[in-house]
Amino acid sequence: MRCVGVADTTFARVDMARFVVEELEKHLPGYRIVRHTVPGIKDLPGAAKRLLDMGCEGVITLGWVGAKEVDKLSYLAASTGLIILQVLTGRIVIDVTVHEDEAESEEELAAIAEDRARKHARNLAKMLREGLEALTPWAGMGLRQGGPDVGPITRR
Amino acid sequence: MRCVGVADTTFARVDMARFVVEELEKHLPGYRIVRHTVPGIKDLPGAAKRLLDMGCEGVITLGWVGAKEVDKLSYLAASTGLIILQVLTGRIVIDVTVHEDEAESEEELAAIAEDRARKHARNLAKMLREGLEALTPWAGMGLRQGGPDVGPITRR
Amino acid sequence: MRCVGVADTTFARVDMARFVVEELEKHLPGYRIVRHTVPGIKDLPGAAKRLLDMGCEGVITLGWVGAKEVDKLSYLAASTGLIILQVLTGRIVIDVTVHEDEAESEEELAAIAEDRARKHARNLAKMLREGLEALTPWAGMGLRQGGPDVGPITRR
Amino acid sequence: MRCVGVADTTFARVDMARFVVEELEKHLPGYRIVRHTVPGIKDLPGAAKRLLDMGCEGVITLGWVGAKEVDKLSYLAASTGLIILQVLTGRIVIDVTVHEDEAESEEELAAIAEDRARKHARNLAKMLREGLEALTPWAGMGLRQGGPDVGPITRR
Amino acid sequence: MRCVGVADTTFARVDMARFVVEELEKHLPGYRIVRHTVPGIKDLPGAAKRLLDMGCEGVITLGWVGAKEVDKLSYLAASTGLIILQVLTGRIVIDVTVHEDEAESEEELAAIAEDRARKHARNLAKMLREGLEALTPWAGMGLRQGGPDVGPITRR
């Protein structure tokens, strides 16, 4: 049975996996969804590796990053690790990250988290179902996850 | 005999391994606990590698980081190394780090160190005992190590 | 049939692949051009890996980077990943990146994007056709992509 | 014959290897000491790799870093490389680094360099002779190389 | 026939390879000098890999870095890549980099570039000819490339 992985953290303040599982069940029928929860963002690359080793075709990771400088360094290390994993395996690992300082209120942060998680879950489903050119109709279209799309720049 | 590794440093100002060993003995009965001490944070990824090569199923590393800019760069390099180790092996390496500038007093720093070390030792034990979904009941719950949990964000 | 890969993103606000495909069709006749679109810059190293695994001799990636500090960290992680991919494979992966803060207006940004994409597509074509010394006549000549060349420094 | 490696640079302003060789001869009797000198800090990971490939059981690298921002980036790249080497090989590579901006005077810088080099050479010798727990009696004791130890934090 | 590689860029504003080839012809008689030119600094690690794969014993890379913050991030990514290449292969890759903001005038920048390129070409030749200890007589002597040596620090 084909499978897709969802890795998240106990550090996050929004249960983004709930939205992701909802989208994946809808858009990847027939796939087994394997969950794996780790403490924080720096544990996500290892978690994604374990999910790929189990046979998952793709993984979505759900990270949450604090506002301090040291949190940004942890973000950099975690991102580098997720990218190296993809370079070594060629598998799709979609990285959803919410930064605590990208919103003014908790309410807004929760809305960003849900929007970003849902849209990226749909991105992952589309790429697994339809292959390399699944997202090509939207190439250069200024899509955004976590808020409204900004659209393409049109030259006069 | 199953084993779990504990890597720490002589640079640290709190003997975090003492708390970690206490927790692991309690929560991972039957496991051999292998210790390995190195000079500083940049030596921890190599230490963790040696412990994994000895057959440890998981490792917990106990780092201590100074307050200067160069210490933060060392933190970034060490974190990247620990993450690459996990990406290459798929094994769990839980990274406990205390930053000297995250508290006002030595007393407070010692309290952070103990809390963070104990909680992450319990995280590691739980993950080794119960597998991928061991921490899933707390996903997105805003858990913190080193201080009280902040809890999830609830949308009105 | 020989092939060349083009990886781009839905995050970008200019459809740079259009210009790249135009140039590659002209300057790499007989090559199959394989496109692959991913959400954002951090997905490009994995995309390039998949294109190389399909047999592409070289790849051009088209990234778009926001103006915030966290975007610059993502740029660093993505660049490191693209470079590691090249170090592991020895294949040519030309990296076109546009930063949203390198221009005053959207009009100017679009012009930069087109110029940089076209010139680098021609660079890639030339290197694939003519080998190691294809660009050697221009070594040290201060070429720029995204704007006019600055030329070499001449000592009095 | 067992061997230990010493990698240093022509960029450094103190001949730290002299102190290191003195300590290793005293504390690792019977080991062959292999030296390797490279231009600067970014060459040290490659130098350490060559020493390990020759069969050295461990290596000590002696780096010297300037005060400018770009020097700090070079420090980060070099440190990451030394750590990756350890993650790939599991061998001990002790990294001695002196930063030109960590002292007010040249005299003080020279004293830091000698103290740090000697102490880390003794760390390396101890680890090679006595194994994983060689430094465990000093875990969490606030040892420092380059100046006096700061000691552990004691909770009231 | 033994060979040595020279990788440079079209981004650079000084044709440093000219000086390097002159030095290598003089100091590495009997070696074939293979050139490879790429667009910019981020392409140098891949270029060096290709030259090593062709059988070159060592490589010298000639990078040129702009003054903006994003250029410094590109420098960091490129340096990390060159170092990882050395860690994986154990081969000598000497990295010559000129930063546009390290001089006040173009004239001075050109002088730095020539001095640094020539001296590092001689370093590479010496290391390839004479092995691990070729530069050891100058260890800790405060040599500089791009300007006059600063010399060792002498303790009173």
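Here the chain labels run A, B, C, D and E in written order, and each chain numbers its own residues starting at 1.
Criterion: contacts are C-beta pairs under 8 Å (C-beta built on N, C-alpha and C of every residue); 3 or more make two chains touch, one makes a residue touch a chain.
Because the structure is predicted, anything quoted here is derived from the model rather than measured.
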item	value
Angle of rotation relating chain A to chain E [CA atoms, steps of 5 degrees]	145
Rounded Å distance, chain B centre to chain C centre (Cα mean)	40
Mean-CA-position distance for chain E and chain D (Å)	24
Multi-chain contact sites of chain E, meaning residues that touch two or more partners	76, 80, 84
Starting from chain D, with chain E taken as the next chain, the full ring order	D, E, C, A, B
For the chain E and chain D complex, residues of the former touching the latter	72, 75-76, 79-80, 82-84, 86-87, 90-95, 99, 102, 120, 123, 127, 132-136, 138-145, 150-156
Of chain C, residues touching chain A in the complex	8-18, 34-39, 42-43, 45-46, 49-51, 53, 69-70, 73-74, 76-78, 80-81, 84-85, 88, 106-107, 109-111
